[in-house]
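Both complexes below contain chain A, partnered by chain B and then by chain C.
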Partner chain A sequence: MSVETREARQPWILLSPALGAVALLLFVPLVFIAVYSFWLRTATGADQVGFFLDNWAEALTDEFYRDILLNTLKIAAITTLVCALMGYPAAYFIARSKGNKAVLLLLLMLPFWISYIIRTMSWINILGVSGAVNWLLTGLGIVSEPVQMLYNETTVILGLVHFLLPFMVLNVFVSLDGIDTTLEDAANSLGATKWQAFLQVTLPLSLPGLAAGGLLCFVLGAGTYITPLVLGGPTDAMFANLVFEAIITQLNWPLGSALSLMLLAVLGALVLIYNRYLGMAQLMKGLG
Partner chain B sequence: MSSVILRDIVKRFGSFTAVEKTSLEIPEGEFVTLLGPSGCGKTTTLRMIAGLLDPTEGDIEIKGKRFNDIPIHKRNLGIVFQNYALFPHKTVAENVAFGLKYRDVPRDEAARRVAEALALVQLPDVGDRYPKQLSGGQQQRIALARAIVIEPDVLLLDEPLSALDANLREDMRVELKRIQDRIGVTTVFVTHDQSEALAMSDQIVVMSDGRVEQVGPPQEVYNTPASEFVAQFLGASNILPARCTARANGHVALDSDVFGQIDVPAEKAPLVVGEGPAKLVLRAEKLLLAALDTPANGEIAVDATVETVDYQGQAVRYFVRAGDAQLQAINMIDQRPFSEGAQVSLRLRPQDCAALPA
Partner chain C sequence: MGWTLVRIWTLLVYSFMFLPVAVVVLLSFNASQFGSFPMTGFSFRWFVELAQNEAILRAFRTSIILGLMTAAISTTLGVLASLALVRYRVPGANMISTLLIAPILVPEVVLAVALLLFLNFLNVNKSFALLLAGHVIFTLPFVILVVQARLVSIRRDIEEAALSLGASPRQTFFEVTLPLMLPAVLAGALFAFTISFDDITGTLFWKPGGVETVPTQIFAMLRNSISPEINALGTVMILLTVGLPLLGLALARALSTRRGG
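Up next, the complex of A and B:
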């Protein structure tokens, strides 16, 4: 074997465990799901093997699914916006703090040590009828009866922000941390106020991080079913809840497969658009 | 008229004093260099003038006005940073025009001034490129253009040449001085490189450990160092213990073990008063090695042994032993250097010596 072929093969040898895992754990199941989506669930509850377009016809034409998809995208968009507005200042603070950066980043990671489901359910103890806020309000005599604050769209967004904010902060932080602070000094020396220097220099240079954080928040937010399940009301279902419902509750794997592929296609398209304009490199930087 | 005045400036970071009570007057239009090793307080001083740091004590005046409480964006100073600090997301022209945006300069005048500044730094055609597309030297020129296009009251240069490689650094040195002469702006230049300081400055301020060691024109600082530190920092010097035995006829008689009595010109020993212990300062470049049989015409001659030879092409750095003392000599050569172990005659002229109080 010549040196060139050995060198050409080396990256593939190094990549093979990862490629194997992706193929086995992601690509193969995805093909199964795709195949499933063309099967049909009969009235008896048995799956009929074949090539049927019924599930796809239902998923693509039923307005119920379309409305929930749009609502899902709306909730994900609002969540992303809130995360950006809340996360940017936090990331800026961490990036510009001297010395205790590592501690602040550790604090940011801390929530990941507790299960996402537990974190979501903790809101019931805070906002629920017998939760902390109601206990305080009734205790202080501000309200006579506990107020129902849970199980609406706002609490779903609240839960999603709680879940996704660290992703935004981390991405923006990585971006801000890579910006040379003398650029702001230079802008100041040329006559820009601190705020003008931020708008002219720091903000534009941190946009890739903001965009990467935004994409992550949006995709993760749009794909979740736990938060609306725990914190949403009956009308607050998101698209992933439909998949959950079809597969777990109704055991209708073919329809659930079609629906999940639909969500995958929509989010995949968004990632492609992002990649077209901002590139995946920044996203990778943010994740690394 | 003085353009920049520092009055009893002190800068402390916690318990660490970066700059100790320093006063300095920089005349209008002069090129003044703050020279010293890293940690000497030169950059801290520059950053206080710039407004990037607040002095702990003391006043900063620029053009007769107290500047302490004026925020940086209102100071009208041009700063060139060590790492250029060009805005990577803006084109060269946008970078240069940045400061004009905040000065209400009409659009067409701004465009004209940007073009002029780019022409001045000899890069007239790069306006629509991005900084990354330029070489380090070109980026440095753009940073300079950006700083001078606003017609600053003072130009502050923070080690602007240190990131360039050696050849380019010398070209930029000449270029920078040419531009400064041309626009006549008062300039404060920070460097740790003595040759940059000597070549470019009207005045050199030598700093060490947060204190000013000496202020003077390059020749004066070089030829008549005011302290042992200055003598060592600007070029290599040999400093020998000596005794001042007499002071007469414009000469100071210095007696040292190695060289016997040397009559040092009084103007090169301004700080030596009265008789008693003193230090003899011998520049390594002024200490010449000669073959033993070379006739000495008026020079002081002492026999010595070559211990180490550090060949540098057109020059050689020798370490020689004369009596108990090891001395450093840097000689220009046109042939082969003396070899290690060779017996030589050390020559020096009294007028090339300087003296410091012990």
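Up next, the complex of A and C:
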């Protein structure tokens, strides 16, 4: 074997374990559940192999599923918006601060390393019947009985914002940090006010980062089922909760497959649209 | 004026991020037998009780073994793939990168369902093996992103110098490339361990009955009410998951300055 062919083969030898793992543990399973979604779970609990449209008919026409899907998208959209409103100024502050940017950024990234389940449940300590807020309110005599503030849609959104905000800040920071600050000075010297310079120069240039952060917040938010279980009430199920119910509780795996693929189709479409217009590079910058 | 508003806003955002976590840590030292306010005194009793709780200790063991194995496998696969992507001109490199990071582009619930159902079809039931396979596949993209970013900065001419001075390719790899890559490898492994240690979304689908990791154990304990023990466990988790990356960061700094100096 010549040196050239060895040289040409080497990268494929290095890549094959990782590519093999992704193929075997992700792509083939996805194809498998696509096939599985057309099988039928019979009353006896066995799967009937075949080509049945029943699961898809149920998933696509049942108003219960449709309503929860729409509600899930609504919750994800509100979460993303709140993350953008809270995160953008913070990212701007870090990017333009004269102090130690790395420390400021690290500080905001710390909660990102703290366990998701701990951060979610920590809100029970704050808002629960025996939490900090109720203790303050009763202590100050504002209310006589503790108020139940938890287990509704607002607390689900609160938990999601707390979980996803670092993703937004990091992505916006990465794009703000890459903007040449002399551009703003130039705009100012040409007669623009600070606010105008921000709106017409800095903001447009930072939109890719905002979009990347927004995509991450939306997709991760719409795919969660833990936050509604911990901080939501009985009627606050999100679409991923339906998947969990179908697979783990009801053991109706063909229906669960169809529901999973529906979620993948909706969120995958967003990722593809994003990739079409902005490309994956921006997203990778924020993650790496 | 505008800048002051931005500063105040940022301060509020930082408080929003830290306040709930600070309350967990504070309450874990509460002497009261309820996991709530008011603080009745300072006490380590919940940590002592934690250390005597069999279920939690078991969960810790499971999480640590799972995290270490995940990190070992995921880092090996990720480092090899990153080497190929950074060091060689591979046709379709962009396409390959996208394929390799696909596990984080697919919602984790969907990944969890697909893997569970497919491996079950292959007669692999819910087991530690399934958990490990799942953790490897969704930590792999993070390892590849982190390692690739750091590999780019290692200059190839150092290796070429070693080769031209008579080192064999094997010697060059083990004595030049690998030591230079060590910070990248450690960072990747640390990232994989932390993500695996923290995961609950996929783990709840894959774990066999009776096996709990730390996050699923906390989740199960939440079903009742929030006990001071959970807060103590939370504090330990915070120390672990924040302390480890910070330690790793410091280690990477130390390694690179020693080489630089």
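Operating definition for what follows: the second predicted complex is superposed on the first by the 269 of 288 C-alpha atoms of A that agree within 3 Å, B and C clash if a C-alpha of one lies under 4 Å from a C-alpha of the other, contacts with A are read in each partner's own complex, and residues count from 1 in each chain.
Basically, contacts are C-beta pairs under 8 Å (C-beta built on N, C-alpha and C of every residue); 3 or more make two chains touch, one makes a residue touch a chain.
In this text the structure is predicted, and so the values were computed from the model without any measurement.
Colleague: Look at A:30 in the shared chain and tell me whether it touches chain B only, chain C only, both, or neither; answer first, second, both or neither.
Modeller: A:30: touches chain C, not chain B.
Colleague: Quick one: is A:204 in contact with chain B, with chain C, with both, or with neither? Answer first, second, both or neither.
Modeller: A:204: touches chain B, not chain C.
Colleague: Quick check on the superposed pair: does A:87 touch chain B, chain C, both, or neither? Answer first, second, both or neither.
Modeller: second
Colleague: Return first, second, both or neither, reflecting whether A:18 touches chain B, chain C, both chains, or no partner chain.
Modeller: second
Colleague: For A:10, is the partner it touches chain B (first), chain C (second), both, or none of the two (neither)?
Modeller: In the superposition, A:10 touches chain C alone.
Colleague: With the two structures laid over each other on chain A, which partner does A:250 touch: chain B (first), chain C (second), both, or neither?
Modeller: It touches nothing on chain B or chain C.
Colleague: Which partner, chain B or chain C, is in contact with more residues of chain A?
Modeller: If we count touched residues of chain A for both partners, the winner is C.
Colleague: What is the contact status of A:191 with respect to chain B (first) and chain C (second): first, second, both, or neither?
Modeller: In the superposed model, A:191 contacts chain B only, not chain C.
Colleague: Touching A:116 in the superposition: chain B (first), chain C (second), both, neither?
Modeller: Only chain C is touched by A:116; chain B is not.
Colleague: Can you list the residues of chain A that touch chain B in one structure and chain C in the other?
Modeller: Residues common to the chain A contacts of chain C and of chain B are 194, listed in rising order.
Colleague: In their shared complex, at which residues does chain A touch chain C?
Modeller: Touching chain C from chain A are residues 7, 10-12, 14-15, 17-19, 21-22, 25-30, 32-33, 36, 86-87, 89-90, 92-94, 107-108, 110-111, 113-119, 121-126, 128, 130-132, 135, 162, 165-166, 169, 194-195, 219, 222-226, 229-230, 240, 243-244, 247-248, 253, 256-257, 260-261, 263-264, 267-268, 271, 280, 284, 287-288.
Colleague: Can you list the residues on chain C that touch chain A in the complex?
Modeller: Touching chain A: residues 2, 5-7, 9-10, 13-14, 16-21, 23-24, 27, 34-38, 76-78, 80-81, 83-85, 87-88, 90, 96, 98-111, 113-119, 121, 133-134, 136-137, 140, 142, 144-146, 148-149, 194, 197-198, 200-201, 204-205, 214-215, 218-219, 222, 226, 230-231, 234, 237-238, 241-242, 245 of chain C.
Colleague: Where on chain A does chain B make contact in their complex?
Modeller: Answer in residue numbers: 180, 182-183, 185-194, 196, 200-201, 204-205.
Colleague: Which part of chain B faces chain A closely enough to touch in the complex?
Modeller: 50-52, 71-79, 81, 83, 85-89, 98-99, 101-103, 146-147, 150
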